[in-house]
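Both complexes below contain chain A, partnered by chain B and then by chain C.
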Partner chain A sequence: MPDILLDAWQGLAPSLQDGLVLAGLLAPAVLTGLVVTFGFRPLVLVPSLIWRYRWTNLVFVALIAVSVGLGVGLTAQERGLRQGTARAAEKFDLIVAAPGSEITMLFAAVYLQPSDVPLLDGAAYQRIVSADNVSLAAPIAYGDSHDGAPVIGTTPQFVSHLSGALVEGRLFGRSGEAVAGSAVSLRLGAEFTPAHGMGDEADAAAHAGAGTVIVGRMAATGSPWDKAILVPVEAVWEVHGLANGHAPERSAQIGPPFDPEHFPGTPAVMVHAETLWASYALQSEFTTDSTMAFFPGTVLSRLHGLMGDVRQIMSMMAIVTQVLVTAGVLTGLVVLTRLFARRLALLRALGAPRRFVFSVVWCYAATLIGGGALLGLAVGHVATGILSREISRRTDILVDASLAWPEFHLIAGFVSMTMLLALLPAFLALTRPVIDDLRG
Partner chain B sequence: MPGLHLEVSQLAVTGAGGRVLVRADRLSVAPGEAIGIRGPSGAGKSTLLFALAGLQPSTSGSINWGGVELLLMGEGERARFRRDHVGLVFQDFLLFEELTATGNAALAAAFCSRREAQPVRARAAALLERLGIGTGPRNVMSFSGGERQRVALARALANDPAIILADEPTASLDRETADRMIDDLLDLVRHAGKTLIAVSHDPHLLMRMDRRVDVIDGRLREGEAVA
Partner chain C sequence: MLVRLVASVLLLAASSGPSLSAGSGHAVGAAEHVSELDGVRIIHAWTRATSTPEALVYLELENRSGRTVSLIGGESESGSAVTLVGLRFRDGAAELVTLPAVPVKDGAELHLDPEGLALRVEGLKEPLHPGDVIEIEVRLESGHVDVDVEVEAADATGHSHAGHAH
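The block that comes next holds the complex of A and B.
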């Protein structure tokens, strides 16, 4: 494309670009329709043909709608999942952990999928917290749960950073207090005892005596942290028989500063820097032999990049599936055309030009395709909502997918491609012998 | 449009394997004349009718309508000729069941030019009124056989053709309805001076034609004139 056109294109508003792409994708269908119907009024007869075999036609429309709907529903879902995972990670600026797999740590720290990872010791924590421009350095501790909800130890400052103002109650101020995630069913004032471990293997009796009361509730974050119960990191260390991060004379303290001498270790430290450049400086500073620093957004972006290829394959497969279904439907149309071959023969006997008969059959097929595509939009909308809810329920990541321009483009491309394919049954209808069809 | 003169000579319609389906050495029909074609089933009556409409493939010889040689025309020209000059009536009406009487009678308006469409619609409406059908919103699927055939007749005449070709127009009707159909057909055709060629087994219809032609074993034979 010449630079001047490229510049002009890039100067357009994104929605205008999308609208123009949509128009371009629909253009073959519209132009075909204009050329095919020019000078005639075939739509006078199309409702009659559709009504005549309405149940068969309805099945055809439903087949197209389901294939289109599922295709666009899945692509919208994939985008929604990317956006959801990105949104869930956006409060986690920089994570510092012991060297290992960034992805494992991302899953553990951001998406609360705990795994055995090496711990950072007190000296490492001290270096992080003492670094320039660090405004927040929160250790986390995990491994306990209650009724399926992970119990995560952290600092009050990190809870505020994650949630903003609480929607209910107050921050925890001592061991034995907890702040519930927005989706946790425990009410304010409810008491529970954390179980050791997660899932079916959780040991409910391991921490007997460590009763905890809910004193606050976070606002929704759209992340798995909504289903977590946040307690002082000191409480988690204590129930596991470890030092609680503070010298004995300050053992009742909650939150930083922690004493490196009494710091039992943490799988990760959530770091928030005062500025963006400071974040990069910190990442560089803590990428060492003994520590690993990474931006969750960057790791996620790499993962999404990898998924991008999958996405393209998914889109292609969605189109191929839709085209195959439509090819099947068009084959069915060729058969169906035989059912009203007598009517088409009548038109030719009455002197209708071949192009008129061609336009009637094409418009008939185009109506089914157009109807199927429009219904497919509705199916896609509903499927997207259902899939979003299901994925959100299963992953705890808020997936709020909806149909958008990419799906509209996909449908427009599908409509144009299949309306061009619909020229085939229209052509085949003309090859039928008029007299034989007239005689029935 | 007044009727056209028909001159057929050395006409032969062949079917599969080169078998001759119909042969007519000579047939002449004057403008405004009504002739009946009769013969046993399978003798080739309908084949002859379709050949006269330019629909029958593998037709040789000469079919001359008012100086225009039909068999020299291409398919598109023949379609145009039928659109402008021919009205067809079929035994089983061949209507679009889901359309109204007007929709069926003015069917040609869907594929002729905008300039031609309006007169077609006007004539269709007038014919339906004249035939007692009216232009109501009912679909023809609820019509009786007689009503359907009158709609088919209105469709055949809506383009004001010079020639009416009718294939067993009364075969699907009871006697009373068939007689009324014959009255309507002949009234409209004679009133406008159209040329009518009707294939029929119906003696009531054949008796009221100006002339009868027999088709026996694919060959035409002039029948006796009707007074």
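The block that comes next holds the complex of A and C.
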């Protein structure tokens, strides 16, 4: 593309670019229609053809609609899942942990899929807290659970950072108090005892006597933290028989500052800086032999990048599936034209030009394709909503997918391609012998 | 005699081709993998082939200078501007934002990697092809470092020598 055009294109607003791409994709269908119908008014006959074989036509339209709807529903879902997982990680600016796998730690600290990792000690935590530009450094201590809900040890400041103001109650102020995620079934005032571990292997009796009461509830975050129960990190250390992060004379304290000498360790620390440049500086500072620092968003973005080819394959498969279904429908149309072959033959016997009959058959096929595509848009909208709810339910990540420009482009490309293919049954209809068809 | 003169001029013009190309910011051939200024090393600078007027340059910066240095941005004859950018996420979508500077402590490293920090070269004068080398002048608070940036494939995820010790 010449530079001047490239510059002009890149100067356009994204929505205008998308609109122009849509127009470009629809152009072949529109141009074909203009050329095929030039000089004629074939559309006056199409409604009667459609009504005469309405049930058969309805089946054809439904087939196109379902294939289009499922295709665009799936591609929209893939985008919604990507955005949902990224949104769930947004509050986790920078994670500092012991050196290891960034992906393992991402899953553990952000998506609450715990795994055994080395702990950061008190000295490392102190270096993080003391670093320039750190406005929040919160330990994230996982490993316990209650009735399938992860119990996470952290600080009151982290709870506020994660969800903002509580929708109910107050922050925890001592060991034995907890704040529930928005989707946790325990009510305010309910008591529970954390089990050691998670899943089927969780040991419900290991922390007997560590009764905990729910004193607050977070606002929804659209992340797995909605199903978590947050407790003071001091409580997690205490129920495991460790020091509670503070010197004995301050053992009732909740939250920072922690005493490095009484800091038992934490799998991860969430670090927040007020500016992006400061976050990158902190990542550089804490990428050392003893600590690993990473941006969850970056790791996630790389994972999404790896899936880029899969996304293209999905889009291609959606188009191929739709074209195959339409090819089947058009083959059916060839058979269907036999049903009204006598009417077409009559038209020709009355002196209708061959191109007029050609345009009637093409417009008939184009109406079914266009109707199917429009109905497919509605099916896609409904399918997207159903799939989003189901994925959100199964993953605990809020997926809020909706049809957008990529899906509109997909449908426009499909309509143009199949309307060109619809020229075939129109040609075949002209090859039928008029006299034989008139005799029926 | 005239034929010899013409042949000599043509030969001279042919041999000076790469230099002319290098002067305009593009060259093809071996590139320096390491650049250094007062204990600050810049290693494995690379970018992706592109036909758009913008490219993101990635590199590794090692600070062994004995003091904190700040990466500010850069300049290049290959483009109209070189700015330091970072990736920010808003409502599930990523966007590149311009950063003023990133300080790197003594003994630390700063990695400019895909989906993270980068030097954005804007207003590229020519498309970048795999195997090309462009030159940029990386601006640090303490001075400028000339860096050869190797152009990798459009879908590359790292420098082709990534992992080699220098």
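Here is the rule we go by: the second predicted complex is superposed on the first by the 440 of 440 C-alpha atoms of A that agree within 3 Å, B and C clash if a C-alpha of one lies under 4 Å from a C-alpha of the other, contacts with A are read in each partner's own complex, and residues count from 1 in each chain.
Assume a residue touches a chain if its C-beta (ideal position, glycine included) is under 8 Å from a C-beta of that chain, and two chains touch if they have at least 3 such contacts.
Quick caveat, the model's predicted, so the values are computed rather than measured.
Novice: Once chain A from each complex is brought into register, does chain C clash with chain B or fit beside it?
Specialist: Because the two structures are overlaid on the shared chain, the partners are seen to fit without clashing.
Novice: Mind computing the angle chain B to chain A to chain C from the CA centres, in steps of 10 degrees?
Specialist: 110
Novice: Considering only the touch criterion stated at the top, classify A:A383 as touching first (chain B), second (chain C), both, or neither.
Specialist: Neither chain B nor chain C is touched by A:A383.
Novice: Touch check for A:A195: first (chain B), second (chain C), both, or neither?
Specialist: neither
Novice: When the two structures are overlaid on chain A, which partner does A:Q10 contact: first (chain B), second (chain C), both, or neither?
Specialist: In the superposition, A:Q10 touches chain C alone.
Novice: After superposition on the shared chain, which partner residues are touched by A:A366: those of chain B (first), chain C (second), both, or neither?
Specialist: In the superposition, A:A366 contacts neither chain B nor chain C.
Novice: Which partner chains sit in contact with A:F295 here, chain B, chain C, both or neither? Use first/second/both/neither.
Specialist: second
Novice: With the two complexes superposed on chain A, say which partner A:A89 touches: chain B (first), chain C (second), both, or neither.
Specialist: second
Novice: A:A318 contacts which: chain B (first), chain C (second), both, neither?
Specialist: So A:A318 meets neither chain B nor chain C here.
Novice: What is the minimum C-alpha distance, in Å, between chain B and chain C after the two complexes are superposed on chain A?
Specialist: 51
Novice: Spell out the part of chain A that touches chain C in their complex, as residue ranges.
Specialist: Those in contact with chain C are residues 1, 3, 6-7, 10, 82-84, 86-87, 89-90, 276-277, 279-281, 284-285, 287-288, 295, 297-298, 301-302, 305.
Novice: Once bound in the complex, which stretches of chain B touch chain A?
Specialist: Residue positions touching the partner: 46, 50, 53, 55-57, 75-76, 79-84, 86, 88, 90, 92, 94, 96-99, 103, 107-111, 113, 117, 155, 159.
Novice: Quick one: which bits of chain C touch chain A in the complex? Just the residue numbers, please.
Specialist: Touch list, chain C to chain A: 51-53, 86-94, 97, 99-105, 108-111, 113-117, 157.
Novice: Considering the complex alone, what residue numbers of chain A touch chain B?
Specialist: Residues of chain A touching chain B: 39-42, 44-45, 47-48, 51-52, 342-343, 346-354, 356, 433-435, 438-440.
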